[in-house]
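Each chain gets a letter, A, B, C and D, in the order it is written, and its residues are counted from 1.
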Amino acid sequence: MLENLKEKVLRANLDLVKHGLVLFTWGNVSAIDRETNLVVIKPSGMSYDEMEAKDMVVVNLEGEIVEGKLRPSSDTPTHLVLYKAFQNIRGVVHTHSTYATAWAQAGIDIPNIGTTHADYFHEAIPCTTDMNESEVKGLYELETGNVIVQRFENLNPVDTPGVLVKNHGPFSWGKDADDAVHNAVVMEQIAKMASISITVNPQLTMNPLLIEKHFYRKHGPNAYYGQ
Amino acid sequence: MLENLKEKVLRANLDLVKHGLVLFTWGNVSAIDRETNLVVIKPSGMSYDEMEAKDMVVVNLEGEIVEGKLRPSSDTPTHLVLYKAFQNIRGVVHTHSTYATAWAQAGIDIPNIGTTHADYFHEAIPCTTDMNESEVKGLYELETGNVIVQRFENLNPVDTPGVLVKNHGPFSWGKDADDAVHNAVVMEQIAKMASISITVNPQLTMNPLLIEKHFYRKHGPNAYYGQ
Amino acid sequence: MLENLKEKVLRANLDLVKHGLVLFTWGNVSAIDRETNLVVIKPSGMSYDEMEAKDMVVVNLEGEIVEGKLRPSSDTPTHLVLYKAFQNIRGVVHTHSTYATAWAQAGIDIPNIGTTHADYFHEAIPCTTDMNESEVKGLYELETGNVIVQRFENLNPVDTPGVLVKNHGPFSWGKDADDAVHNAVVMEQIAKMASISITVNPQLTMNPLLIEKHFYRKHGPNAYYGQ
Amino acid sequence: MLENLKEKVLRANLDLVKHGLVLFTWGNVSAIDRETNLVVIKPSGMSYDEMEAKDMVVVNLEGEIVEGKLRPSSDTPTHLVLYKAFQNIRGVVHTHSTYATAWAQAGIDIPNIGTTHADYFHEAIPCTTDMNESEVKGLYELETGNVIVQRFENLNPVDTPGVLVKNHGPFSWGKDADDAVHNAVVMEQIAKMASISITVNPQLTMNPLLIEKHFYRKHGPNAYYGQ
């Protein structure tokens, strides 16, 4: 079932490796079929070298395995919360990519200080708050999804397709698995450039007009940009 | 028409990739034929993998498409302003390369603190001022060219073949497309080294004699340098 | 003798190169056979390009060569001290990898500020104290092992499978040679991310709940994690 | 003449590229034959891709071309001063490698803060003083050699086989061309690690006992080290 989607999820996972976002098995991509509400996700702990499309695991939104011989990624509950809360997304990515993870460890939002950022993310890339004891000791991976959703209470997940989970790492999403990977690559590059910018000039300022211009020339009804 | 120039512009665009200056499609190179005043530029949003010489777009200095089936790069109006204002240049490059973009986001000039810089740029690499509301909401890409030209009111674009557009990224130019790419690569390397230097010693000093010596042993009538 | 183990130690040494942890010959891996108490280790000063399994040197825990035509790595006495003191380890790695060595030069522990760290190391990665004159001028390589063991007086080497030797570099270990290399790669990545995190936000805070959660979902009797 | 040495100098120049120390043509290696006092050096401005052994230029210690159709590197006078002043060296390298050049721009010595440094350089890697007007406007490349030699008034060039020329970049040397390249690679790595170390802990301290131990276990009559 969903053989096409399995193939796409496999290739999206391999793209994480190609873009240098994962070390060992530290990353996972999923995609959802919105008609059947089934999610295809990478199996747990499997090496990228050996992975084939048939190894992808199919789960429903309750996290039950519908097809597949392997265990789904341990982060599956986080993905499922995001698919339920953010109705317009169809792909989710989690990595421990170097610079985005470093900002997550720093525990602060990545400020929107350039057009590269504004081309993809309307706001600062938000960082979640500390998880409390019942969240961490309870259904931890599911609660990780919940703290992300709480952080987006006043944010539009389509305009800000990524987040930093404090002291953990980045999650990103998009209109499909490829788009979610694309946003993960962009987030890593934005995180790298921002860390250099604030080192070079801690008093830097952003021109807010550029955020509106760059975001809306690429997104929404009046978009005209494709460099 | 201009088949040779299309081939050169294609190869210059691919050189950006080879030198690690572009992620996805975030960069563009153009060249002008000063006899006909026609500009050859990369098409908008096309993947570097698929690009062929025949995909290059030919526009006139008013931005009208003279030949080509694809849309020219969205940054075309910026390139055209530069060709009109800086009569001695025949190639223009725009990238979001990591370190140069980080300095553009920092919003400050890259100081001339070494002979690597002085071999290619006589002055600090200047950063433009904030664009105002009418510039950003008006003909934005054209006005981006205008703020660059304003920044060069007291600078010679041949002696300082590049600029940082504040909160955006670098533009560079040269006597042809290859030279403009060469200067883009140099600017990225200078930006990287400068960010390390000022971290290591915020009180560093430059010997101004070295700027004159290195710039003029490589440029102008008394040049003798070619390492 | 121990031909299988020689092959594993060879491949583990080559993996250091593959992961970018060594320049020239600056690294070594060993493994112990706990039944015979014999240790297989890389020969001294040999280029990784030329190394074959038969070049691996077999020594006993007193450091006497049991088999092999070449001299064992100069760091052999350090490895042997670790095998004697830490009964549960069967592989040891030493490198001068860039970021871990930079922290060793900085002379401070790498704080546990993220789940990447907590997935592998329960505590901060400890840095040893200064060695004194009799240690440095005496049996220096053996004493290097001793200062590591002293540093672990109140630490469990299985839960914290690595250390920074002050002004020198990292050692790591594991349940076999591959695991020790794996931990060396992780330590380098953790060191890199931590250096970025503290630059971006010197006042960062860690949620201690995450350390317990991440470490014990991957280690010990209740482990369930394999991403 | 000196065909063997030309081959060695060619390969040493190509090794600079292999180790990532040069961009474009920004680097050069030479070697001296102490019997004839002839120096073989890379030609000026030639691409590394096209260079062959026969393109190497032979000059005498007065800088006169003895054999070769091409101009020798513009930095030749600096190399010659070093060969005259430092009788025990037979290879010289100049690069603009990223981190060593960044320290040269910072204008300060690279402190000896680790055993990687102490394995190769007994002292801090020294930075020269500012060159004065007559030096810069006079025989600049020769005077560059002179400020290096002045900086070594109280230093042994064999124990400290490299230098930073202020606001310019690194020179290194060794017992032959390969050794000089080896030291250039080490210097770049030391410069990188030191820049991270002092960012992570500006108050770091070095254990001076380690400098003596590491330097002399690898150099001099009691050396025993070869990792």
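The working rule: contacts are C-beta pairs under 8 Å (C-beta built on N, C-alpha and C of every residue); 3 or more make two chains touch, one makes a residue touch a chain.
As the structure is a prediction and not an experimental result, all values here were calculated from the model.
A.B. asks: Using direct touches as single steps, what is the fewest number of steps from chain B over to chain C?
C.D. replies: 2
A.B. asks: Over half shared numbers or under half: where do the identical copies chain B and chain D land at their interface, same or different?
C.D. replies: Homomeric contact, different residues on each side for the most part.
A.B. asks: Could you work out how far the Cα centre of chain C sits from that of chain D, in whole Å?
C.D. replies: So the centroids are 33 Å from each other.
A.B. asks: List the centre-to-centre spacing of chain A and chain D in whole Å, with centres computed as mean CA coordinates.
C.D. replies: Between these chains, centre-to-centre, one finds 46 Å.
A.B. asks: Of all residues in chain B, which are in touch with two or more distinct other chains?
C.D. replies: Residues 198-199 of chain B touch two or more partner chains.
A.B. asks: For this entry, which pairs of chains touch?
C.D. replies: Those chain pairs satisfying the definition are A-B, A-C, B-D, C-D.
A.B. asks: What residues on chain A touch chain C, complex-wise?
C.D. replies: 23-28, 44-45, 71, 73-75, 96, 98-99, 101-108, 130-133, 136-137, 140, 166-169, 195, 198-199
A.B. asks: Spell out the part of chain D that touches chain C in their complex, as residue ranges.
C.D. replies: Interface residues on the chain D side: 113-116, 182, 185-186, 189, 192-194, 196-201, 204-207, 209-210, 212-213, 217, 224-227.
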